[in-house]
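In the two complexes that follow, chain A is the common piece, with chain B as its partner first and chain C second.
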Partner chain A sequence: MTWPSWNLLAQSALSGLFVGSLYGLIGLGLGLSWGLLRTINLAHFAFTFAAAYLCYQLSTQGGFDPLLTLLVIAPLFFVVGAALHWVMTRFEVSPFNSLLLTFGLTAIIEAGIQAIWSADFRRLESSYGQQKFKVGDLFVPVPELITLVMSAGLALALWAVLRHTDLGKSMRAAAQDAPIAAAFGVNQRALGLLLAGTCAALAGVAGVCLSLSFTLAPSQIYTWIGVVFATVMMGGLGTALGPLIAGVVIGVSEALTMAVTAPSWAPIVSFTLLIALLLLRPGKT
Partner chain B sequence: MNPNSFWRSAVAAMSLFALAATAQAQAPVRIGSTLALTGPLSATAQIHKLVGEIYVEQLNKRGGLLGRPVEWIVKDDQSKPDLARTLYEQLITADKVDLLMGPYATGAILSAMGVAQRYDKVLVHHTMGVPSLAKYDMQFPAWSLGADPGNTVPNTVFSALAAAGKTPKTVAIVTSKFPSIHFMSLGAREVAKKLGVQEVLFLEWEFGNRDFGPIAARVKDAKPDFVWVGAIGLDGNLLLDAMKKIDYSPPLHFHLYPAPGPMVQSADANGALSVTIFEDHPPFNTPPVAAEFTKTFRERATKANLPETAVDTQAAASFTAWQILEAGVVATKSLDDKAIAAWLKKNKVPTIQGVLRFDGPNNFGDDLMRVKQVQNGRWVVVFPPDVAAPGVKLVTK
Partner chain C sequence: MRRTAVVAILAGGALLAMLPLLRLPAFYESILYLALHWIVLATSWNILSGYSGYFSFGHGAFFGAGVYATAVLAGKFDWPFLATLPVAAAVATALGLALGAVVFRVRAVRGELFALLTLAVTFVLATIVLNTSIDGGPGVYLSAVPVPRIAPTQPGTFYLLALAAAVLALLAAYLVQHSKLGVGLFAIHDDEDAAEVMGVPTFRYKLAALAISCALAGLAGGVHAVFISYVTTGEVFSITVPLTVVLMSVLGGTRHWAGPAVGATVITALLYAFTKGDLALTGKATTGAVLIAAILFMPQGIVPRLLQRSPIPRRATARPNAVAAATSRAPAIATPSGAVLLRATGVAKSFAGVQALAGVDIEVRSGEILGLIGPNGSGKSTFINVVSGHYPTSAGSIEFDGREIAGLPAHRIARSGIARTYQIPRPFAHLSVRDNVAAAAMFGGAALSTARARIEAEHWLEFTGLAAKADVLPDALNLHQRKFLELARALASRPRLVLLDEVLCGLNPSEIDEAVGLIRRIRDAGSTVIFVEHVMRAVLALSDRIVVLNHGLLLAEGPAAQVLQRPDVMTAYLGTMHAARA
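Let's look at the complex of A and B:
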């Protein structure tokens, strides 16, 4: 086996960084919902794809810039997420049952996407798709760079909110001990709606980023579940920076594996990392 | 009984008998099948559904089968081979269909084949990619890829390059590990070796791979004259996208089973090679049956909002499957599965992809795969010359 060139390794690592940032962005809302609301929201993946299709529709039919569609998509999904949380609270759905309920919802959304856009592949051809620039010998594609910037920006912003604001502290307090937090005047119901809406809006942002770089098909909703769950578990539930860091670690590890050995080994990497982490850091996720 | 009452009763009884006989004569021939109407294979299954609807409609306009109308019962196997098995069992035992039509995709076809074998039913199937797995005596393939496509198809591809004066000196073979793809790519390795083409890179990835950046970078580093991409679905598009992002465009590139619509619509895919049994241009669409079918398919596919509206391998194989079944029933004048199977094994069937025979290993006949290329936003057959689109040649950089 010949050792790959440094340029190949660096270009591969860059590719892994970009795809890892998308893992992190999808995982961000999922992890916050799981950690702070105790809702394992499988429908998060369906929201992501629904947003991607909506971006595709608004851009190809409406002629909107894909990034401008965020002005519609993020608030829309905020409302959807908050409404779903209201239903779950109203019917006192347990964390395990939330998994089942949102799985069913995912199947319904998938069927809806298929009914509207058909089962065939859809590709968003945007002006961003053709753009790239060079840093030294490395090529940097603009759509993936947008994803990285969005992912890092949102993760940092949410980290700052959770860490340094009363709102964030209230959210974390409610997640740790709801009755005590309520005794201190934390309005758990309102915070729950706000957080659930934010998580769904994050799925909307992830969907827009997904549509910039990937061809869409309804059944692909399920292909992201494994690796994003690994990302969330590694990054830690309820944390803002964890999924991004874990996503990048997984993405870069997979990419370097593909650059150095057989690409078919790459999927093993994320789960090996997860198992190693669970063994070495029990109770930390 | 007085005579008048007797005659009245007799006439009434005879009328009832005649009515029942007419009803029996016009009872539809029920043909049952499953398709992956939902799930990961549903994009392609929509094509098969559309073709089946068109064929049955046209067949009924021609008078149906054996003077009876044809009713097609199609169930959704959700892209799950295990569900396909259950549904075929249901079609035979509960729905009591007269004949079976195969599902789409190798896994579901194998499931249906097991059930057909248990009940001695003929199974004509659309696009089964691994001929060596088709062991049942009364199964008949509609996709003419030959009994040994792992050898014959790569030979056809390298022959096409040689005929264009572009025999490669080096090749990179990169492939999905998807079963019906992988063995073909391994066959390409053997063929390249026999032809003295140096293999500078061989890579495999798991089905569903998302990041093609590192694979593209490795292909670029290897500098091959020709890239064989063992692609299924979007793999080819994703790899070309990743190549473009690092400013690389392969000199010659072949994609085994790409999603035809996305590939032909991609700005980066011009010059991409693939294989086909039928394309929507002369001489394929010249015969009246093919001309009518391609026209109807275009109209219906447009109406159904399918991204690709031209007939190609999937639609042609699907149409062929119905032609094979019809030919068997018409020739034997019966719905007897054993009689139909015996006739098909001994006779050739003219279809829109050519004349098919079923007397080879596992009932597979000739390899009728042709080489096609994306040229100016459409797929055109470029090899062999006798079926190439008029005035078209394989183009290279």
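Let's look at the complex of A and C:
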């Protein structure tokens, strides 16, 4: 094994930072829904990909700027997420069954994507696609930078909302003890719908970012599940900043592993981290 | 009952084994092979996950271990195909045991965390297989592996192998469900800590279930490797395997041995109904829709739902003769009255800096009723919790009948003849009232067989006045009845020492009188009793001797009437002012 140059390592770390911020962005909605709504939403990944394909369609066929599609995609997925949550509460689905139900939904969405866009790889050729600039010796690709900014911006914004507003405090209170929060006047139903909608809208944003820098295929939905779950677990359920930080840690360590060994060894990093974390963590969820 | 189901499984298997003689087109044999393959995988998953509630998403890892064991031995070392199958099962079992030995020791890894952890293990294993000479990247070709001619055709042979594995899996699932192991696993499913304190060796049981589950998954993997004749890590360790088996089991019903098999049959049939017309996509979407519909409208699964519709006539619920025979009984071993049964010396327990017990010496003599009182936070319940092994002690020694029990796992303390109740009742929510009590008789000091335990349970249900409620779930009981269920559970293990943690709290005066009478009768039947209580009327009426705790230390001990008059006891209880006024 040859040790790569410092420049290559730095470039790897940078690309790890970018991909890690996407892990964080996908994990943000997933973790909030898990931690605050007790819904383990596997369909979050399907939402992300559906949004990515929609963005692909709108910008390739409709000629819109990919970032402009967010104006349609985010509200659309907000409604989808809120509707899903409504069904879940209507039928009192347990956390574990929510995982199974959303797996079923994922299969349906995957089949839908494949029916419309086929199983072939699709790649969004946008005006951002090839743009990059140089900082010192390092190349900074623009689409990835957009992802990083979005991810960090949204995580910070949500953190501020959860931490400092009455709305956010009510949400955290309702997550800890719903009946007691309700007794103090928290409208849990409305909050749940709002939060579920927000999580799905975040999946929409993540999907747009995904389409900017990754090739799309229906089967790819499943390749993200493992690493994003690792991100969410490591970052902590129901926190806004946790997934971003954990995502970056995982992304960078994966990228460095790839640079030092072979790319096919990369998955071992995140999953070993996840296993170690689960086993050594003192408390409960 | 037991024999009929076993015979039915074997007879069904034998009948289906005739099928290759019909010379069906190979296509049908392959579909049937796949249905049986999924029956094995789903059933094996259910033995651990459905029964014990430890939902594993790592079934792909155990299945994959079997696939690659056969692939390497048959493909690279030219072993005969059939000889690789036991090895495939063994490799998967070894993997499962190694994993379980670590994971099952960590208390926090339950529920969805266990699911995630096992999923992560799958990906780690896949990466290792992919990057080492086990696979190395391009996959392993097995088309050259000779397949023995058990049936006239090759697909027929695979069909028979899968059929044999399915019969094995169903037998295992059935026998486990109806054995002590099964009852223990169901108890773990509902409340693992209470199960351990009741005497279920939770760690060993979880390992055993995992081992059986892995062995079957590995066997299925070994057969499947040669069936598909080309294995790659991407296919073998994909997330589809665990999700499909979970889907099948949940659809069919996870609390019944036949549930996963029914679910597997339905899903495979569904998928293949659509492949015929090249409608694979519709098939996938329909499967998803079926899953959603099942979760929303039949969260328990098909089999339990069907059984609910047409209830199987219960075997005679009341067995007067058996009850009479089991009625008056002394506890398993009676120690001569007056000898010290429990000796706690310097027992201390602290929680992250809070000293709940600060070195307490208590002796309990055989046959006495000892009242343990003290203000809130004085360490009474903690004392019960350390003696029963619910918490480990921080320091000190606890001798029971001359043997040190501090530091033993809770189930071994229970086995040695100590039973307890919880202040807030913790029944096993998915077991009937009778089964709750029977489980205690199986796992506590009495250690009865499953059949004898059910008879024993009838006795204690009668003793506590719950006989009419024997077949309902604990949810249907009121607080008073739930407290008595706790008592019945504690007594069914025929303990030599019963620890009662505020059994009277929350009961009305007439219920208290009833309970006081009951506790007396427990002692008269030969058990020693320690009870924690705030209801002073009951303390005075019942206790031979009381011990007062305050701030984790022993404040006073002696006959109740005397001790309660002591000024320091009154101060501790009522505060200085009230004590002075009295």
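The criterion applied here is as follows: the second predicted complex is superposed on the first by the 280 of 285 C-alpha atoms of A that agree within 3 Å, B and C clash if a C-alpha of one lies under 4 Å from a C-alpha of the other, contacts with A are read in each partner's own complex, and residues count from 1 in each chain.
Operating definition for what follows: a residue touches a chain if its C-beta (ideal position, glycine included) is under 8 Å from a C-beta of that chain, and two chains touch if they have at least 3 such contacts.
Source: prediction; values computed, not measured.
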- Joint occupancy of chain A by chain B and chain C, clash or fit: clash
- Using the superposition on chain A described above, determine whether A:Leu68 touches chain B (first), chain C (second), both, or neither. neither
- Query: What is the contact status of A:Pro263 with respect to chain B (first) and chain C (second): first, second, both, or neither?
  - Reply: first
- Pick one for A:Leu194: touches chain B only (first), chain C only (second), both, or neither. neither
- Message: Just to be sure I read the superposition right, which of the two partners does A:Ser12 touch: chain B = first, chain C = second, or both, or neither?
- Response: first
- Task: Pick one for A:Lys132: touches chain B only (first), chain C only (second), both, or neither.
- Result: first
- Query: Does the superposition put A:Pro141 against chain B (first), chain C (second), both, or neither?
  - Reply: first
- Message: I'd like to know which partner A:Ser118 touches here: chain B for first, chain C for second, both or neither.
- Response: first
- Which partner does A:Thr215 contact after superposing on A: first (chain B), second (chain C), both, neither? first
- Task: In the superposed model, identify the part of chain C that clashes with chain B, out of 62-70, 80-88, 134-142 or 494-502.
- Result: 134-142
- Could you tell me which stretches of chain A are touched by chain B in one complex and by chain C in the other? 110-111, 114, 262, 264, 266-267
- Query: Considering the complex alone, what residue numbers of chain A touch chain B?
  - Reply: 4-5, 8, 11-12, 14-16, 18-19, 110-111, 114, 118-123, 132, 139, 141, 144, 214-215, 217-220, 223-224, 227, 251, 254-256, 258-259, 262-264, 266-267
- Item | Footprint of chain A on chain B - complex, ascending | 38-40, 42-43, 45-46, 79, 177, 203-206, 208-211, 213-215, 217-218, 220-221, 233-234, 237-238, 242, 245-247, 259, 261-262, 265-266, 304-308
- Message: Taking the touch rule as given, give the residues of chain C at its contact with chain A in the complex, in rising order.
- Response: 55, 102-103, 106, 108-109, 111-113, 115-117, 119-121, 123-124, 126-128, 130-131, 137, 238-240, 243, 246-247, 250, 281-282, 284-285, 287-292, 295-296, 299
- Item | Residue numbers on chain A that touch chain C, as the complex places them | 40, 87, 91, 93-97, 99-101, 103-108, 110-112, 114-115, 222, 225-226, 229-230, 233, 262, 264-268, 271-272, 274-275, 278-279, 281-285
